[in-house]
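All chains are identified by letter, namely A, B, C and D, in their written order; residue positions are counted from 1 within each chain.
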Amino acid sequence: MAYFPIPTGSLLALGAILFCIGLYGALTKRNLIIVLVSVELMLNAANINLVVFSRLGLNPGLNGQVFALFTITVAAAEIAVGLALLLAVFRLRKTSDVNDLNENKN
Amino acid sequence: MVAYAWLVPLLPLAAYVFLLVLGRRAPEGVAAGVSVVCSLASFLVSAAVFRAAASQGPVGPYLFHWLTLGSASISFGFEVTRLNALMILVVSLVSTLVLLYSAGYMHGDERFPVFYQYLNLFVFSMLALVLSPNLLQLYIFWEMVGLCSYLLVGFWYFKPEAALAAKKSFIVTRIGDTGLLIGIVLLYWASGSFDYSTVFAAAGAGQWSLGWVSGQELTTLCALLVFLGAVGKSAQFPLHVWLPDAMEGPTPVSALIHAATMVAAGVYLVARCYPLFQASPGALATVAWIGAITALLAALIALTQRDIKRVIAYSTVSQLGYMMLALGVGAYAYGVFHLMTHAFFKALLFLAAGSVIHAVDTQDLFEMGGLYRKLPLTAWTFLAGALALAGVVPFAGFWSKDDILAAALNTGHPVLWGMLLLAAFCTAFYIFRVYFLVFTGAPRQPERWQHAHEGSWVMTLPLLVLAAMATIAGFFNSPLNGDGLEHFLFADSPQHQIGYTAPENVPLMLLSLLVALLGIGLAAAVYWRPRQSQRPERWARAWGPFYTLSYRKFYLDEVYYAALVYTGKGIAAVVDWIDRYVIDALVRVVGRLVYSVSVLLKFSQTGQVQAYSTVAALGVLVLVAWAMLRAGGVH
Amino acid sequence: MSVSDWLNQPYIATMGPLLTVSAAALIIMVLEFTCRKLDRRWLIGLALAGVAVALAEALVHFYHDPAMALNTVVTDAFANVFSVLILISALLVLLFALDYAGQVRLAGEHTYLILFAVAGALAMASAVDLITLYVGLELLSLSSYVLVALRSRSAASAEGGVKYLLMGSIGSAVLLYGMSFLYGVTGTTSLIQLGAGGLATYTSYPQIATLAFVLMLAGMGFKLSLVPFHMWTPDAYEGAPAPISAFLATLSKAAAFGMLLRMLLFIFNAAASDVFFWAGVLAAVTMVVGNLIALPQRNMKRLLAFSSVAQAGYVLLPFALFQTGAFQDWISLFDSLSFYLYAYTFMTVGAFAVVWVVSRARNTLLDEALVGLYQQSPWLALALTVFLLGLAGVPLTGGFVGKVYLFSDAVHLHAAWLGVLLFVCSVASFFYYFGWVRKVFQPLTGPLAGQRIHVGPSMNLLLAVCVAGTLLLGMVPALLLRPLAHTLWLS
Amino acid sequence: MGLALWMVLVPVLAAFVCVLVPARQACVQRGLALAGSVITLLLALLAWLRFPGAVQAGGGANPAAAGVPLVSHLPWFTLPGLWQQQDVTVGLSFGLDGLSLTLAGLTALLALLAAAAVRPEEAEMRRFALWSQLAAAGAIAAFTALDVLTFFAGLELSLFAGFFLIDLSGDPQRRAAAVKYLLYRGLASVLLLLALFGIAYGVAGGYSSLQPDANGNLPGAPAFTLAWPALQHNLHGLSTAVFPDHARAVLFWVLLLGILVEEAFVPFHTWLPTAHEHTSAPVSMLLGGVLTKTGAYALLRFGAGLLPDQLQHFATWVAVLGTINILYGAFAAWAQRDWRRLIAFGSISHMGLVLLATAAGNAAGLQGAMFMMVSSGLLTAFLFFLAGAVQARTQTAELGRLGGLSRPLPLLSGFWLVAALGALGLPLTSGFVSEIQSFIGSFHRFPAISFVAALGLILSAVYLLYAIQQTTFGPLRPEYASLADAQARELWPAVVLTAVVLWVGVYPNGLGQVLGQTVQQLLQMGG
């Protein structure tokens, strides 16, 4: 069956863009949840790379996709921990704004 | 006997150590007694040594190993030559008398034992200096006598003038000593040894060099450096300024150190190093000229001083100038001869002045007067000294000074001779000015005059002995005993005679005698029975500028102060300023800078996690970009 | 791969410690759930036992030949050296926690989370597959995020946790992104194969290789808190429970260094060595900034945090030398690096422990609390002095030998400027370390003067071990250097 | 025989015991410090006695201690695969040749006297005992180390011990002074370490442009070693192909820079007067007498010992530096109004002469430099001791506010006079022997420079006599009329110091024979 080949470069570019978006979000968003989501974007950028390479890489193989699966799982755990911490913070500080987390400094 | 010459310095040293152990609590009798006995003993030993030396000529050096320098080895010890045999004789004699005299003069001083410690240390150092077989050892004791002089000048340390004078004397002589040290070092490298014999052998040959200077220049350079030391120690122009100030010390000190012995060490040095000087006409000429200038300058200054001790001090400077000139024009024997006679009559003058000061408790000539009736013995002995100094036949000074004058003329230095003659006239004048002001006329301050009285026998006995010496010492080298001293000195020198000697020249003798009498007459006219027209004040007014010039010591102190002390302090201040406000400030600035940077970094920790991650992200970005550039960009 | 193959893998040799620790963790977790009444300290004791067993296993296998299971986990020089280090620091941290739990109410998760983290760390030390390494790293990281935030009812703690979490996950994203490129150009995640093809990879795709390297370095940099990825460090340490601060400063750093070393050296070996230039840059920046920023620091925990940043810079120095040194010279680099890490671990845990005791007694974190410590408890004071002198690199402490070793490597491998920078920085660090010592020995007046500071038994043990470690490594460095010399690094 | 090793260990042990003894027993602490120093001193004397025999016997066959008479070796650690996959062994190996023995003995002596100079009522006795013993141990280790790493270890030890000493007692500004001291000398020791390592690697061919042969080692390059006697031995006639000249030159300047900072030479000296001004007298004794001699030691041991060709090549620079120090120190001292700063600058001026004499590089110069180190150590300590004793009575060290002290304090004034005269180089004191030898040496090589430097002789008289005039001479200030003079218990350090100063001054050969051994070796190295 025929499929429309998408050049590897553009896929990598997609990954890169996704990574940058994620980074941007992580650096700028006030709300802790959004920040966490943005971090997930960064991880997914990596996943896209892995998958792309596992299919269109120099010497393709399944490792990449396996790696991606692991990553997704880890990311889920990460989010879980993140939310837990968010709850803890919210309980003590009554806020989910990252900028208010500035007690420990200097 | 000569082998025991080491006893000569060691006896006073023993006395010093003994007193040092006893400490400040030692009773006056013990302190004085021990010292006098010891130095008397060392006088007797030196007499024996002198006789032995006279018979068997130079002995030694007796050496022990002192220090190894690489392959070279430096030894210490002592040697006896005819010259230093004579020196130890004179030194130990005068020392004995002065030590005796001090027992009376310093009686009741709270630091009496300390005074005797210092004196003994000095006597030891002086004798050891004279007996040294090499230049390094000489330099060591050269500094030691300087130290003793410093301590004794500053003996009454609580008087600011005394403290200043002590400092000044040490530092001014130190300038000369540094020259001497350099000279010794250069001689060492040039000749490979410190020993006189080796050095002079090399100097005589003249075939030596240091790479950067050689032959004649080297000889002259070394001779001049050595002479610089002598200039400092013997208070020759231009380094004479310390000696008059040194009169702040107790008078016996002035008599012993600053008249008879230490200041003569410079002359001794030049005499001991005579072969070196002979090898360099330039150096000899310098010595002669410096001597003459000093003699005249000091004599002129002495004319107007009001302080009895200062007058005598300047006369000392002037007489030392005579000796230097004698050596400079080549009259080795006469220089030494004058050194000897001068030692006696100048010590005498100081001790006599001391007993005057002791009696009236002032040093200002114009507060004395008429003391003949109170202190007849002092007056007579002083007169003997004065006549000797003025050079009136038959007193000691006449023979020696006359020899020098003759030598100056006969060796073809008419100018120097003229200067000396003028100096001789001044000498006669100023010393009799002192005599008349002190002993004749009416007491200017009756209450002082009332209390005046002779000292005890310990003070008068030395006066008598020295007066006797001042009277007869001249005959040692007079035609009457066939110029015995010359023969003694030259008995065993290779060419049988060092430098110039001449038979007495009667017209010259008469001339110098006449000059002396003129001076005395003038002094008498002005200060003894002055007619209205000739009172001292009128003279002073008449000679206005010259009077002030002489009274102000030709402003040399002021000039030096401005030239050396101010500049030195200025440099010091600048250096200190640089140290504080440039170097250290720079350091502090750097420190502050670093610290403030770190404070800045500290406050960059705002607590804003997104700020943190931004920094981190930028870090990644920079790293990636730089890496890509370095790796040649992405294709 | 047949079943027999599956069974005949050297699991015990390669994963013994890992399995032991995980088992202990699970048991403790279960116990913690089932019997709530149980005193935490029993759990910690159990954990200690587990780690001790693991350590024993690791030591047993220390001199054995390398072995590999499932092409994924190995036991070799790196694995041994770093596993032992990780387990030792785990013991120290648990001892610390034991004392801590005696004083402060501590959430029960604490214990087994530490163990899970240790398991992750062990995986990082012994895995030879990018996936496993990554998973190990995440296991360590996730547990540490929670641990940092685990001080009950403490906003500072939670805040520290969040900050660490955010920075940490950004870091792992960067790392992962780098890994993905590496995988892209090689098509494998096994370090063995990567190493085999390393040369080809690098020569054919220098840019991508460099990009991957830089990204991976940066990603690990977040964990190692290298400048400029370090800024979370003081905040997290400040908020975290004291034992956890020590844990972050030593255990997780050791693991991260192990992982970094293994990855970079397997993949970018000698042929590609000039990529290590970037390690040099980071090392230099980290040393300088870490020390500078510590100078004016008054808060003891934060100061230790910055000092650990600076020390990380020192440890990173050998990475820079991989560039200049020939392949054979790397042995001494591994030695110097691991020696310094060992010494550093003892000194740092000890310092954190003393600081905690003192700050608790005086209940302030400011270094004024140290004034007069010598009067109140000479033992604590001297212990702290030893640790600080060690960190400053004074002779007769492990720090000195370690720094000298690093320095001589630097001079030898023509990067003298790094060596000089190392010592110049430690001179600057004298300023704050000795400042503390000075305070410790200052006489104390006023009400506090008479007061003594009580030190619990486990804390005493901990301090004794740390002091012994610091001094022994300084006086008889052979204790560690000889085993290191016998490890076959390049097998 | 482990004499050298024990000389290092004994103070360390003493310090250790100090830690164990409770702080309130000040007298015990003081006793420990005294005991430690006494034992060390006795060991030094024992070594002194055995020295001639040991020289006869010649150094051990061990190349790492070639030409060092008394050696004691203890393996410390081995750095695996450090050099061409060869392990490099670092030994706690100490050896006593002439210079090391002398300086170690000096250290022990001054540590003893410093401990004696502490007022028994000193509150910080324990810390003083602890740190002073450690400082002494460090200094002795540095002076006797046969291994550049051990030397560095000794430096560091004395460095931080000195820091805590300065910080111990004195006026409030001592904090800043201590930090200044720490940073300066810390950097100095780093520079020294760098230079020494560089030399070690250079000797082993580290900077050679030659091609290594099949099994990776250079033709003609000796094995890598960190022991200076071995380095000295290997360097002798080592071809410049193995160790290029430019590398030597660079290393020499690094070394020299380190020495300049370490020894507080102008312009890196400002930490020294500051430290002396703000710390207490016993500390000043140690600091000025011993701790600041490590730089000069490095100059002789490593400058003249390992890079003689470079030292000769740059001799004129070094000589000029020395002269600058002599004059700068002297003038600065003259301008000081604080007694202790004056002494400090005086010591800077003295050490300048060490530079000048070492640069001359001949027997007289080297021996003079060594004598000057000893003499300056003794006299600086002596002067600080007296300044401290007087200050303890008058509560000020400001020259302008003293005067006439000879009357209430005759003994102290007497010793102060002796010390000052020694410092201005009066014959029959150690000062003279040092100066004369140094100048004999320097005039041979640098006549012109030495003429300028000789000004220092005059200037030293100027500032020291100025100090005397300001303190003991002159009219007595009423407020000091009732001061109590020192008792024997307080004075015996002064007596001992006087004795030593005079011994060196009157019979220098006693010391000269011992130092001569090192001088001969250095000369062979140079020739």
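Note that a residue touches a chain if its C-beta (ideal position, glycine included) is under 8 Å from a C-beta of that chain, and two chains touch if they have at least 3 such contacts.
The shown structure was predicted, so the numbers you read here are calculated from the model rather than taken from an experiment.
The pair with more inter-chain C-beta contacts, choosing from B-C and A-B, is B-C. Spacing of subunit A relative to subunit D, judged by their CA centroids, is 63 angstrom. Rounded to a whole number, the gap between the C-alpha centres of subunit B and subunit C is 78 angstrom. Mean C-alpha positions place subunit A and subunit B at a centre distance of 97 Å. In terms of their C-alpha centroids, the spacing between subunit C and subunit D amounts to 41 Å.
Looking at subunit A, one finds that residues 23, 26, 35, 98, 101, 103-106 touch two or more other chains. Annotation for subunit D: residues 183 touch two or more other chains. Within subunit B, contacts with two or more other chains are made by residues 602, 605, 607, 609, 613, 617. Under the contact rule stated at the top, the pairs of chains that touch are A-B, A-C, B-C, B-D, C-D.
The touching residues of subunit B, counted against subunit A in their complex, run 602-603, 605-610, 613-614, 617. Residues 162-163, 166-167, 170-171, 174, 206-208, 210-211, 213-215, 217-218, 221-222, 227-229, 231-232, 234-235, 275, 277-278, 281-282, 289, 292-297, 428 of subunit C are the ones that touch subunit B when the two sit in their complex.
Those residues of subunit B that touch subunit D in the complex are listed here as 24, 65-72, 136, 139-141, 143-144, 147, 154, 157-160, 162-164, 166-167, 170-171, 174-175, 177-178, 181-182, 185-186, 188-189, 210, 212, 568-569, 571-573, 575-576, 579, 583-584, 587, 591. Within the complex, the subunit A residues that touch subunit C are 15, 19, 22-23, 26, 32, 35-36, 39, 42-43, 45-47, 49-50, 52-54, 57-61, 63-64, 66-67, 70-71, 74, 77-78, 81-82, 84-86, 88-89, 92-93, 98, 101, 103-106. Interface residues of subunit C facing subunit A in the complex, by the touch rule stated above, are 130-131, 134-135, 138, 142, 145-146, 149, 153-156, 158-163, 165-166, 169-170, 172-174, 176-177, 179-181, 183-189, 234-236, 238-239, 302.
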